[in-house]
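I have placed the structure first, in the form of structure tokens, so that the comments after it can refer back to it.
Naming follows writing order (A, B, C and D), and every chain is counted from residue 1.
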Amino acid sequence: MTATYDATAAMEIVNAHAPGAACVDDGVLFLEPERLVESVQSLRDSGESDLVFLCNLTAVDQELHFEVVYHLQSLDLNHILQIKARVTDREDPAVPSLTGLFYGAHLQEREVYDLFGIRFEGHPDLRRMFLWEGFPGYPLRKDFLQMPGQVRAGLPGFPHESEENAWPVPGSVPQRPMHPNDPQPEGDLVVAEESEESS
Amino acid sequence: MSDFGFHLAFWSLAAMTLGGASMIIISRNLIHAVIWLVMSMLGIAGLYLTLSADFIAVVQVLIYVGAISVLMLFAIMLTPRAERDNSQNIKTGGPAALVVLLVMISTLWVAIDTDWGAVREAALTDQARLIGESLIKHYILPFEIGAVLLTAALVGAIALARQDDEDAAVHAASLQAELDGEGSVDPVNVVDPPIAAEAPDSEAAS
Amino acid sequence: MTTADDTQLAMQGTIEALTTGDGSEPVVVNLGPQHPSTHGVFRLKVTLDGEIVQDAEMRIGYLHRSMEKLAEERTYTQNIPFTDRIDYLAAMSNNLAYCLAAEELLGIEVPPRAQAIRVMFAELQRVASHAMANGTFINDCGAWHTPLFYMFRDRERVLDMFEMTCGARLTTNYMRIGGVAFDLPDELLPTLESFLADMPDRIADYEALLMENEILHARARGVGVISPEMAINSSLSGPVLRATGVPWDLRKANPYCGYENYEFDVPVGEQGDCFDRFLVRMAEVKESLKILRQVVDTLPDGPWLADVPLHARPEPGEAYARVESPRGELGFYLVSDGGPAPYRFHCRPPSLINLTALKEMSVGGTLADAIVTLGSIDIVVGEIDR
Amino acid sequence: MTDLAQLGNVLGAWYDFRDLNNLQRLITEWIAEWGPDWLASIVTGVLGALGILAVVGPTLLILIWVERKVISRFQQRYGPNRVGPKGLLQPVADAVKLILKEQLAPRAADKLIFFLPPVLIFVPGILIWGVLPFGPRMSVADLNVGVLFLLAVSGTAVLVIFMAGWSSNNKYALFGAMRAVAMSISYEVPMVLALLTLVVFSGTMSVNGIVEWQQQEDVIFILLFPLSAIAFFFAASAELNRTPADISEAESEIVAGYHTEYSGMRFGLFYAVELGNTLVVSGFIATFFLGGWWLWGLDQWVPSWIILLVKTGAVYFLLIWTRGTLPRLRIDQLMSFCWKALVPATLLFVVVAFVERTLLISEGWDTTVALPIMAVFNIALTLGAIMLFARVARPAPLRRPARIRMAGSDIGGLRAAREVASRREEPQFQVGGD
């Protein structure tokens, strides 16, 4: 069974090489973006942690900031560690690229750049991957195509649940009832057919 | 073969040969020229056939149509695209035409003037055997010399085919210059036309 | 057709070729998006010098459906059918990985019968997927469809079993959070028994037909080689990684669904070339059959679905669950903010990440080698683009 | 039995159906009675050509069906079975579909050269039939230089393929054309050398002469020169673009090679000629190496052309079989196989043929005794040459076996990999190698 590598132990390893670059918050190792490369390198090269395999690299839009999430795996010692790096600049988010350490970061970083707009500094070939150059916006950001008045992206709640989060407030994204048998929303909801007529 | 059939064959083949030959000169595209050349060669092969020289005819097809023309096509494909145009030859062809005309007149004169001993009896049936025997028995020395010469040519060709570094360097420098100045290239013009404009020679040779 | 940067690339290649002393002009050839050997809308742009690949660049995104964004607006249960469409040749494995992640978020215990059924279908899916992978790989080596059709027979039988269990063949949508959607139908186990009885003969056939085939050896041995160090550094996984000799299999390293209860082995290659990948897949099919045998013999009784509310709201938190899909490490990273839908839904696609090393593997070989290499990686474009 | 024999006599007296040449002779004699003799020779030629077309056309349609059906059987499926009984009309339906299809040409194609090849490809495709003897007197033209004619005509097809590939202005097509040309040039050499063996040994360049020699000596050439037969078979399948040597239209690499851009009946013509060539080459293999229309006296009883067709069908089946079974070689492997294996081997057999011919003619060895000895010697030499090739000329990566080991309890990264690799015990699975 793959163990979860102790974040505190990892923090010690990182801080031994780059003092103050790592901190543990709620059991998760956070690395300072500026010193990400040397921090991760210390984790990769240290025989204790031996995190040689970059399992997964992705990002999460936390509305106020981005979190770049790395899952690093040691194959021989069979433990996994989740690392996060916070990017606070929403206008021009950037973190150093790990391509120098992990060849496998190439495509994953390009994907994150494509869908989140986070630049990976030092990436040799940072271009959009799924979308074409010049595509407006970054789709996986929470504010992508957000309708005016909508509190936040995503599904606000189940239909049968309480009133305030049952359905979007009027004037936001027009939504179609999922199924005729589903509980029909009440109030002056803009239903799809009507919106088609009006537009 | 009766006279009518013979004449029919001769004149159509002659037309094919000469027509192909003129088209070689006229066509601007070198690949087209080679294909006309092939037609001309086939006409000649046909003429051999009317002279009952079936071995020579077949060898004509085998060597000229099957091998030499393919060799020419290969040579053209290996030539940089800019040098594949046949049109300059026409402009500077005046003196050449004169020389060719002189040669043609003298050949024609000799041909008409000579008293050809026409073969009236039946055609030889086993030419291949005769040719083989005369090559091996009577003309063994020239035959061997030819063989040695061809071997030498083969070795020489391999030696010559080795890359000449200086040429490559010059070509690379000119391309680099073009690429450096390419910052202002209008992308609209670059999309697609490179192939379309240059007609069917995409680069490449395997 | 040629675009501006194609032209520039070609010229750069020419200059390189000329200055390095090889005087031929490079050609840019597009393999795809419509090409017989790209197995989907995948475009590989190769720069060729004669037949030698100088550069290989992939262009993807033709099948991009932005599933990760779509999933943020669907409930956890509604997202299961999306996972079918991610890797449509291994829908069961995708269902499973996603359900594992959701269960981790929700803290759900899966009943033992459901676990066994999950293992059964994950392994059947592996057999089907490897049959497809090996068949198309031989096709890419230039065989005229015969091995492909042979292997399709097996895949067909597996898909028939899927159909009788959940009504769908390709996009199964069978796994549920907390178990599986339906119990096994009565006719499944006899069908599976006969399948297990027939397969050894079939595999012997394939070995006779393919494994000592000199032409296949000539085409695949020493082609698309990658070293174990590079493979690990490139985050490769699955048969591509194991073919280099690295014995890394999540079913052993991080057993899920009770894989630790079954006895099986992890085959590894030696050279890391295309032929080793092919052999590893062949051997894995045998191991899968071994697991299936044990699953059938020890199938427990009981419920097949835990009592999970359809409108499950997990606590805020995150989960990264992964399985050994036929193509490698398939992970799902879910972030919950306490809402009915995942706040972030991310799939770690083995097909995409295995392609990282494609350029390394194909540059320097011939065009035909690049095709074989691409075939041996076994990509599914639905998973690459998502 | 006697009735049958009588019936045969009656039929034979009126018209000997074993030899279709009689029919043609009747017609020419009839014309010679009233017409000029050039008319007779023209009518003979036209008749021959029509005869070939009448055979080739329907045969092609049947062949498409046969090939698809046989390949389907190899692949465990039914094959065409919807149109007509047993799907027999499928090729007709396909042909109709192809004729009705829109014929596209790339805008940037060289129009004239693009339109010519589908037509021109028919010329060598039909001409080559002219020297195939269906019986003792049943070939359109029994040329003295028939073997040379065969090579010359088949060589011109390359030019047409090049025209098709080049004029399409498509990179796949150009690649296919260049590959076809390179292949054809290379494989013509072992092909010529393989035939040279026969020509030297039988002392004739006439195709019919070679059959007659086999008839006279009561031996078929595949027994005398098996390596030449193998080399010719492989070179022919390379020239015919069939797997394992179909690199000029390698589907998985260059889509369809030189005819990528041809649609509708233009593609149909390429396809038809390709199949026709396969058939005629099977015919030539049967003629050169299997005795052609002759079969140890059976040709006295069965029409000779039926014997030839049966032999041709056998060779054709072999070609389908290889196509259905084998993967494709790479172009450099094909080239090196041609120049490093086939050419030396066929050259060796040319020398062998020279020596044995000298022994037979100049030394006056008795053929009834000498030929069996020579056959045994040559078969042994062939086996030796093949073994030598397998041992010596095998490319380096193939000489090591491919091994699959079982990791057992070693699960992990590089360290575990080293551990697994260093294990002493025999690997679980091992294929290939010397």
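FYI, a residue touches a chain if its C-beta (ideal position, glycine included) is under 8 Å from a C-beta of that chain, and two chains touch if they have at least 3 such contacts.
Remember, predicted model here, so these are calculated numbers, not experimental data.
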Can you tell me which chain lies farthest from chain A, using the average of the Cα atoms as each chain's centre? B
Which two chains does the highest number of contacting C-beta pairs join? C-D
Cα-centroid distance, chain B relative to chain D, in whole angstrom: 29
With centres defined as the mean C-alpha position, give me the chain A-chain D separation in Å. 61
For chain A paired with chain C, centre-to-centre distance based on mean C-alpha positions, whole Å: 24
Chain C to chain D, mean C-alpha position gap in Å, rounds to 41
Give me the residues of chain A that touch two or more other chains. 52-53, 75, 78
Mark out which residues of chain C touch at least two other chains, giving numbers and ranges. 27, 51, 232, 246, 248, 253
Which residue numbers or ranges of chain B touch two or more of the other chains? 195, 202, 204-206
Chain D residues touching chain B in their complex are 36-38, 41-42, 107-110, 112-113, 143-145, 148-149, 151-153, 155-156, 158-159, 162-163, 166-171, 174-175, 178-179, 181-182, 184-185, 188, 205, 331
Within the complex, chain A is touched by chain C residues 60-61, 64, 66, 68-69, 72-75, 230, 232-236, 246, 248, 253-255, 260, 311, 320, 322, 329, 331, 333, 335, 339-341, 343-344, 346, 348, 352-353, 355-357, 360, 385
Partner chain D, residues of chain B touching it in the complex: 1-2, 4-5, 29, 31-32, 35, 38, 54-55, 58-59, 61-62, 65-67, 69-70, 73-74, 77, 125-128, 195-196, 199-202, 204-206
Chain A residues touching chain D in their complex are 52-53, 74-78
Partner chain A, residues of chain D touching it in the complex: 411-416
